[in-house]
Every structure is written in C-alpha cells, then in structure tokens.
Amino acid sequence: GGTEANNADATETYTVATDNNFVPFEFMNEETGEMEGFDIDLIKAIAEEAGFEINIESMKFDGVVSGMQSGRFDIGIAGMTITEERKETIDFSDPYYDAGLMIAVSEDNNEIESEADLAGKKVGTRSGTTSEQYIKDNHPDAELVTFPGIVEAYMDLESGRLDAVMYDVPNVQYYVANDAAGLKTVGEILQGEQYGIAFPQDSELVEDVNTALQTLIDNGTYDDIYEEWFGERKYGTESSE
Amino acid sequence: MISVKNLHKSFGDTEVLKGIEAEIAEKEVVCVIGPSGSGKSTFLRCLNLLEEITSGDVYIEGDNIADKKININEVRSRVGMVFQHFNLFPHRTVLENITLGPIKVKGMNKQEAEKVALPLLEKVGLSDKAHVYPESLSGGQKQRVAIARSLAMEPRIMLFDEPTSALDPELVGDVLEVMKDLAKEGMTMVVVTHEMGFAKEVGDRVLFMDEGIIMEEDTPDNIFDNPQNPRTQEFLSKVL
Amino acid sequence: MEFITESHYYRVMPFLLEGLVWTLLITVVGLIIGFILGAIFGFARLSHNKIIYGIATVYVEAVRGTPILAQILFIYFGLSDLTGINIDKISASIIAIAINAGAYIAEIVRGAVYSIDKGQMEAGRSVGLTRNQTMRYIIWPQAFRRMIPPLGNQFVISLKDTSLFSVIAVTELLYMGQQYYGSTFAAFEALTMVCLMYLLITVPTAVYLRRVERRLDV
Amino acid sequence: MEFITESHYYRVMPFLLEGLVWTLLITVVGLIIGFILGAIFGFARLSHNKIIYGIATVYVEAVRGTPILAQILFIYFGLSDLTGINIDKISASIIAIAINAGAYIAEIVRGAVYSIDKGQMEAGRSVGLTRNQTMRYIIWPQAFRRMIPPLGNQFVISLKDTSLFSVIAVTELLYMGQQYYGSTFAAFEALTMVCLMYLLITVPTAVYLRRVERRLDV
Amino acid sequence: MISVKNLHKSFGDTEVLKGIEAEIAEKEVVCVIGPSGSGKSTFLRCLNLLEEITSGDVYIEGDNIADKKININEVRSRVGMVFQHFNLFPHRTVLENITLGPIKVKGMNKQEAEKVALPLLEKVGLSDKAHVYPESLSGGQKQRVAIARSLAMEPRIMLFDEPTSALDPELVGDVLEVMKDLAKEGMTMVVVTHEMGFAKEVGDRVLFMDEGIIMEEDTPDNIFDNPQNPRTQEFLSKVL
C-alpha cells in the first residue's frame, strides 16, 4: 500500500485524509476555499512537532474510513470515533477529543425530548458513522435514514421531512447555533466517545504522532487550538504564546 | 362548378400565383400543363385549401372557399386530391386507407365503410390487395389505391397533381385507365399532367400556366396543334 | 458451497435486489410521466405560436443544460427552501426523472413527428380529416414507431440517472451497494455486483433496441 | 447596493467560480484523453479482427450500460480496494470522464467513419495510397467534420457529469454550491446560481453546435 | 500487357467470376459489355486488386498480382482506375485531388506535383477549376478531374468502370472526348461501358461478359453487327 511507499520517501510527506464537511473540525472556509477547523490545525501542529510534511485531502466520511482500512492514506483525521470494531482494521492514536452523540430536532418540536421518544420517528444521520450504528443498536424501532453527507440530513430536518438528526456533539451544536437552521438540541450526550487520529494497521507513524500530541498538550499548544474552536482551555494550561 | 376569380398566392415575399381566372363546368375534365415552377401544384392545392389563399375568390359549387368562415374540412371532403407520391398511410392496410375517411369524417361504422370501399377497390382492379400494407404494392398499384381512397369520400370534384410522373413507364397505363373510366362516368376533374396523350384523349380543355397565371386555354387539339401564345409554343416544342 | 455463500459477492445480493426494486419503480413511473411531458412539450416545440414554442424551448434547454444531480437537489431542497412545500424523496426522484426525461423525450417526439413526410398530413387533410384527427390517426402512429429506439435509449439513461438519488438517501441500487461496503469495506465486490445488475438490464435493452432499429430501417 | 452584496446570490459566487475552474479542468482534460480512447476504440469497433472488435465492444457496452457514478466509485474506491493503487480524486475524476466519454466517443468515431462513402477508400487506394494513408488523408478528415456536432454534445454531457464527482468531494461547481448551502441553508439561491453557471456554458455551446450542424447539412 | 488466366472470385459462397481468360496488349483499348450483375465491375476491380483474387493468375506487365507477396500499392500506381461515381475527395481542391497521389506515393514535393497536375488539368479542359472544391463542379467536370487524378500517377494502364453512366446525357460527350484523346495517345485501356458508340469508334476489341465468364470477344464491328453467341445476341437486341 501507500504507507510503505511513502515511508521510504526521503521528503516524508504524508497524505492526510479528512472529512469534507464536519464543522468545526474540518470544513471549507467560505471566503478562502481552504480547509480549516480544529482537526486541521491540530494535525498541522503535530506534523510540525514531529517533523514531517503533510498533504491534506478531503472526502466524504465513508471514504476516509475505507481509505484508512485499505491503506490508501497515511493519516486520517476526521472526527473519527475510536471503536473496537474499527480497531480491527485501523490503528488509532491516543484520544485527542472527548465527544459523544446528540439529537437535534426542529425548534418547534415538542414531541421529542430525549432519545426515549425516537420510537417510530424518522431519524437521519450519515452513512458509516457511529451514530448510524448507535441508532441501529439502540433504536431499531426508529426509521433510520442515512445520507452520504450530514448536511443533507440537517436540511431534511430543517424542511420537516425528518423528525430528528443524531450526530456528533460538536457538529450538532454548531448547526444548532446557526440561526438559519432553526434547530435545537434535546436530551443528553449519548455514548461517551473519543476521537482518535487514524492510521493504516501497523503504521510506524502512530508512536511519533502520540509523542507529538502529548508534547502539544503539555506545552499548551493543544489548548490554544482548542480555545480557538471551542472557546475554552481543556487542560487549563497557560497559553503557549 | 369551380369558379376562380383573380386568385393570388404568395409564400412570404414571393408571389407564386398572380391572378388566376378560371371557370370549370360540371363533368368537365381540365388538364393543366406548364413549365416547372409555374405554379400548377400551388393552383391545385388552393382549390382544396391545402394552401391558404392570399387574395381572390374561389367558388366551389357556389361556396366561396376563400372565405375564412368556411368549414375547410367539409370543403375538402367534397374535393378529392391525388398526389404525385401517392401519400398512402403506410401503417394501415389498403382497405383501412380507404375506409379511414368515411369512418372518421362521415361517421360510418366499419361495415358500412367497407361496403363503400370494396367496390372501389374492385373498380381500380385491386380487390385482392385489400388486406396488404402499401409497402408491398408497386407504384402504379399505390396510385390506384390513392384514387380509390379519394373516391370513398364521394367527392364532386377530383384533383390530380402529376399522378403518373413518379411511376415507371410500364405502370403508367393502368393508372391512366382508371382515370379515363372516372372521366367517362362524368367526374369533374382537374389534372396537372405531362401525359399529352391523356390530355388529348380525355381532356375537354387544356390550361397552359406560366409564371403564376393562365397564359392560354383551349381544347387539347387546338392547343397542341396550333398554340397561339409564344410561351406555349416554346414549352410544347420542348416537351412534345 | 460455504465458500460462495460467505463471499461478499453473494452477501450483497439481498441489498441490491431491494435497491433494484426502487430503481425500477422510480425509472418506470418517472418515464411514464416524462413521456406525457415529452409529448406535450414536443408538440409545443412544433407549434407556430411563438409563446408556446418559447416556453417549451426554455424548458428543454434549461433541463438539458444542467446536471440532473443539480435538478434533484433543486427539487428536493431548493423548492422546499423557497416554498415550504416538502415532497418525500421518492416523489422527488420520480419528479426529477419525469422532468429530466421529459425534456429529452420532447426532442425525440419533435424529431419523430418532424421526420414524417409532409405528404401524410396533406393526404389526411384531403380526405377530410381535421388537423387533430390527422395528427392522431396518421402522423402519431407513424412517429411513435420511430420513437421506440430513442425512447428505449432514454430508458437506459434514466435508469442510470436514478443512481444519483443516493445523495438524498433514496435506497436505489447504487445506494444499497454503498451501504453494503460502508459497513463491510468490500467496495470492489459490492460495486462489481452493482455494475452487473445495471448491465443485466441495460445490455439486453440495447441489444433489443438495435434489433428494432434494424427492422424499422428496412 | 448592500442589498445585493449581502444576498446569497452574490455571496455564493466566489465559491462557484472556484468550482467552475475545476469543473472545466476535469472536463477538458478528461475529454482530451477520452477522445484518444474514443478514436482507438472507435477504429477497433470497425476492425474485422474479431478479438479487437470484441474487446472494444465489451468496453463500449460496459461503460454505456452502467452509471458514471458507479464508475467513479469503482475507480476511486473499488480499484484501490482490489489493487492497493491509490489515485487522488482529481485524477480519478479525469480518468472517469475519459473512460466514460471514451466509450461514447468511440461510437461517434465509428459512426462518422462508417458514414463516409466506401468509394473514398477505393479512390484513395487506386491512386496508390496505402490503407493507412487513405484513412489518414482521406477518410479521417471527412469523418472528423461530421464528428464535430456529436463531440460538442459530448462536451455538454461530460461537463454535466463532473457534477457527480461531488460524491468523492471533488470541489467542482455543484459541490461548491452544496458547500455554500451546507453552512447557510440557502439551498434555493445556491442551486439557482449553480444551474445558471452550467447554462452559461451549455446553452451557447448548444446554439453554436446547431449552427455548425446546419452548415454541415448544406 | 495484361494476361488473365482462369480468374475466379467469390464473395462468401457465391462465385461471381468463374474462370476469366483474357489477353490485353499494350496500347489496346478493350471495352467490356454485359448484363447487370455479370461481374464486369468485379473483373475490373480484380485487375488493380481492389478485390482480393480468389484463385487464378493475373499478370500485369509480367508480374503476377495474384501473388500475395506482391506490393499492392506499387501495382495500383501502375494501374489507374476511374469510377462511375467519380469518388473525388470532397475536402480537397481539384488541384489537391490530383497532387495527393504524386506527393504521398511518389514522394514529390508540392511544386513538382503541381507541375505534373496542371498540364493534366489543361488536358481535361479544367485549368480554371484548379482551386475550387469538387462540390461546385458538374458531374462531367468531376469525372474529368477523376481521370486527371488517375493520370497524375502516370499509369501504364487505365481502367474505367461505367465512367459516363451517372452523367446527365448532355455531359457525357466531354468525358468521352477526353477518353478518346487518351486512347489516341496510346494508353492501354479497359472500359466497362454501355456507350456502344464509343466502343465502336475507339475500341479495338469488345468482351461480352455474362455469368462470370467472357462469353464472346471480337472486334466491335463483328460483335455488334454479327454476334455469334446467342446470349450476346439477346443482350444486344435489348440494348441497341
């Protein structure tokens, strides 16, 4: 696969697969057309710390997952939840973000107040995600609709064709904060999850990246980035500047 | 029966008929000759309103068909037309070609229409072809079916536009034979043709058209043997 | 035997068969409506009335000039965004196929009617039929025969176009294949079977149409 | 003025212009390669060698019988799944357009060459030209003129087909429109502008082609 | 010059030429006549290998062109051919039609090729048409260009396959005139034709073909006035 080829490469430029639209982790800046977000800043900082070059390629989420599995990319950072199932085919770094799933409904929806009310309702999410698996496992009586992109799910919710959307917390919160959408969150954070950076199995990069990540956490760079995107300092470190 | 007064017809800016005057009596057989592009077809087509008349009057049995208020379809079922290229309906059998008009226009049922059609097929000598499709007929047979199709509407007048000029020479005779029979039965006919033999034998009168008007008209004998107009003379010298 | 039933090629089939049902349903219903639209706009394109002709031309050009993916998104999201009217995704898919195929069929109808010899109209009128009767009994039956090959071709195109409706989560053939490899990662096997399913319909159709065409030629 | 610059119709434009660049790049490069493929397979379809003819026919039928969306997924995911060879998404898109258009162009080439009177080959050979020389100097230039209208039509089709590469997140025109409404929810405005951008290219192309066609007819 | 021995040619299962024997001397003008489908065109096409020879031998200036090892293109540039439908190259001017062979086959440059072509154009009376495209020429002019095109390769033998039968009657004369001039200059010619006048005036010998063989051959005078074979008699009675 590409891993060995790229490891042998003296310039050490790695291809990083990322999701094409998962605010605020990675998304396209409306003005510049560049990818930006928490994941993007973090992987750039890690690359600098660990001393390699990166080349970011964005795609639909299921493309990231199958691309990592097939060894197509060297690194994947896409708000990807660490799961036992994925670990069978993909290597993960140490967790870098605590996440979970959350339900969004229309602002004027009073029927759904928590996940207990999902039975018989149309619930949208994105194909190949932990949300899809969660709904299948815990709400077999809900009508699951999976889209190739999460935006289409929110749009369907906004138009009233879906009753609820379940997806990763920070993303749901971002959309709810967008007035244009007219959405609100309900219930608790479901299924505590952690995001990890993905690698093809047996990648030699895992250790380097873990070391670099720890250094960034220790020296406050991680918190700088976290603060920029989420408005707080997770580990309470001093700003590195 | 037909009375044409100062008939003009233009396509866009080009005037094709420039004031035709003609009177055709009942049971008369009139042949129209003239060089290509002189307006013969256009004249004929104005007589059953396949072309809109630009100005002038055309009376058919007393009704002015240039009048916009006239019922075109009613006029057309009084005036039959036979075309150079037959224009049979290829997706219908010979019999269906003939019965379509009676059924759809006259409101006959199938049996009634066939009772009209079968004798006509016999008349044109094609009784055995009733149930075949036009593609399997020769050109001469097609034209005879086309004549039968027109006759099925029991027209008072028949128009023929070069009915034999798309036929192989050996097939012309049968079609002319059918037309002669029609003439003998007293049908009023206007025939655009290059068959001078037919004009001489059957025609009561010949009109010579050129440049959108009728330049000369006379009996066939006079016109062929002793044309007066120099244009007629020139035309006949080339054709005969 | 276990070797076969264990393989992805085998396990993906129940998914694909379900998808195929939707694919065919959307295609067939969409094309029936599309044919009606096509006939109406095809005749409108033959009209001498400038307004009718103009409207039909704008429809045909706008549809043929934009991707069907943009059209489905427009119908599904754009219209509901503008009007607040929500149509479900199957209806939206059927409408998209109908509108899209309608524009192409309009050109098929126009071309076929136009190709019928002008003498047929004249012959019809000269036996006393009205313009409409001649169109109905003489021109249309002949034109329709000539439309069979291009209509069959449009069926193949529309069938393939339904694959795009996976963006709005329509559970058609390709979407079901994607679902399968989304959870198993067996992209090659799933997509191979998806393609075979399409070919199973499109190739016999193409072969049959070529035969019809040859027969009509004679 | 602010009213205009504030509107979604205006604000979406920088996105769309960037998308348009990619759309055109993929289309043009894809079609250039597709034309080469089409010429090769078009001549192969004219070959009397059964194997060459057979291979070309399988290619043409397989491509024309499956959706281009399945083809791009196959190229991007399926092949890497099978072989481990990874191509980036722009290359994959160009390859997909090339392979897809190649099959249609093969039929265009075949039809155009076939339509040239057989007497041209005989005349060429009887003045002493070889088969290849006759093809090159006599048949091909004449066939090529007849190919211009259908090739232009293929350009329109391929241009629209690039919209499907949004599924693998190629930042082409439609994808950029989707990106915009993904954050603004202004689906109607964004999609309207996307469609207008396509029409801006496809309608003049269609008008121009109709003119060429009419000229060639005479 | 040409010697044909037991020439057979089949298309699939149907044998079209069934053992042709013929000897044609240098500077001889041989006309081939016979009913439609008798194989005249096929015979001619075998003489410059536009059709593959199934069996038998054809010697052209001593070389057996039925031999697979022969250089076909070289043979063809020694044997010119003129077709019923001219087959000019429509995308090239008249002059380019003529110079293409000399340039591509003989490796001349443009100037040299035009030095060959212009006198030929003059010979066929079309010097003023050098730079027009074939579409603007009449049929007769096209055929004369086609002859000039063949001559530009300086062939030793010229084959003509019904060179005037696609022409309007008034255009035939010019083409026959050019062919007569060629014959006078001593070109060896094989001409499939229905122009009996030309055969009588210019032909040294007439071959009558039917059903894939040469049924009779003789001088024009003998064959037209006193045919021996009943088939020839029957054919000529229909045609003359």
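Brief remarks follow.
Should a chain be cited, it is by its letter among A, B, C, D and E, assigned in written order, with residues numbered from 1 in that chain.
In this section, a contact is a pair of C-beta atoms (placed from the backbone, for glycine too) under 8 Å apart; a residue touches a chain by one contact, two chains touch by 3 or more.
By chain, with names taken from UniProt: B, E = Amino acid ABC transporter ATP-binding protein; C, D = Amino acid ABC transporter permease.
Predicted model, so just to flag it, every value in this text is computed and none were measured.
The chains touching chain D as well as chain E do not exist; no chain touches both.
Steps from chain A to chain B, taking the shortest chain of touch contacts, total 2. Contacts with chain C and chain D are shared by A. Among the other chains, A has the CA centre that is most remote from the centre of chain B. Inter-chain contacts peak for the pair C-D.
A straight line joining the Cα centres of chain A and chain E is 81 Å long.
One finds 54 Å separating the Cα centroids of chain C and chain E. For the pair chain A and chain C, the distance between C-alpha centroids works out to 38 Å.
Separating the CA-averaged centres of chain B and chain C is a span of 46 Å.
In chain E, no residue touches two or more other chains. Listed for chain A are residues 66, 70, 148-149, 155, each touching two or more other chains. Touching of two or more other chains is recorded for residues 77, 80-81, 166-167, 178, 181, 185, 187 of chain C. By the document's touch criterion, interfaces exist between A-C, A-D, B-C, C-D, D-E.
Those residues of chain A lying in contact with chain C across their complex are 62, 65-66, 69-70, 89, 124, 127-128, 145-149, 152, 155-156, 159-161. Contact residues of chain D toward chain C in the complex are 61-62, 64-70, 73-74, 77-79, 81-82, 156, 160-161, 163-164, 166-167, 174, 177-178, 181, 185-188, 191-192, 194-195, 198-199, 202-203, 206. Residues of chain E that touch chain D in their complex: 48, 50, 73-74, 76-77, 79-81, 83, 85, 87-91, 100-101, 104-105, 146, 149-150, 152-153. Against chain B, the residues of chain C that register as touching in their complex are 117, 119-120, 122-130, 133, 137-138, 141-142, 145.
On chain C, the positions that touch chain A within their shared complex are 77, 80-81, 86, 88-89, 166-169, 178-179, 181-183, 185, 187.
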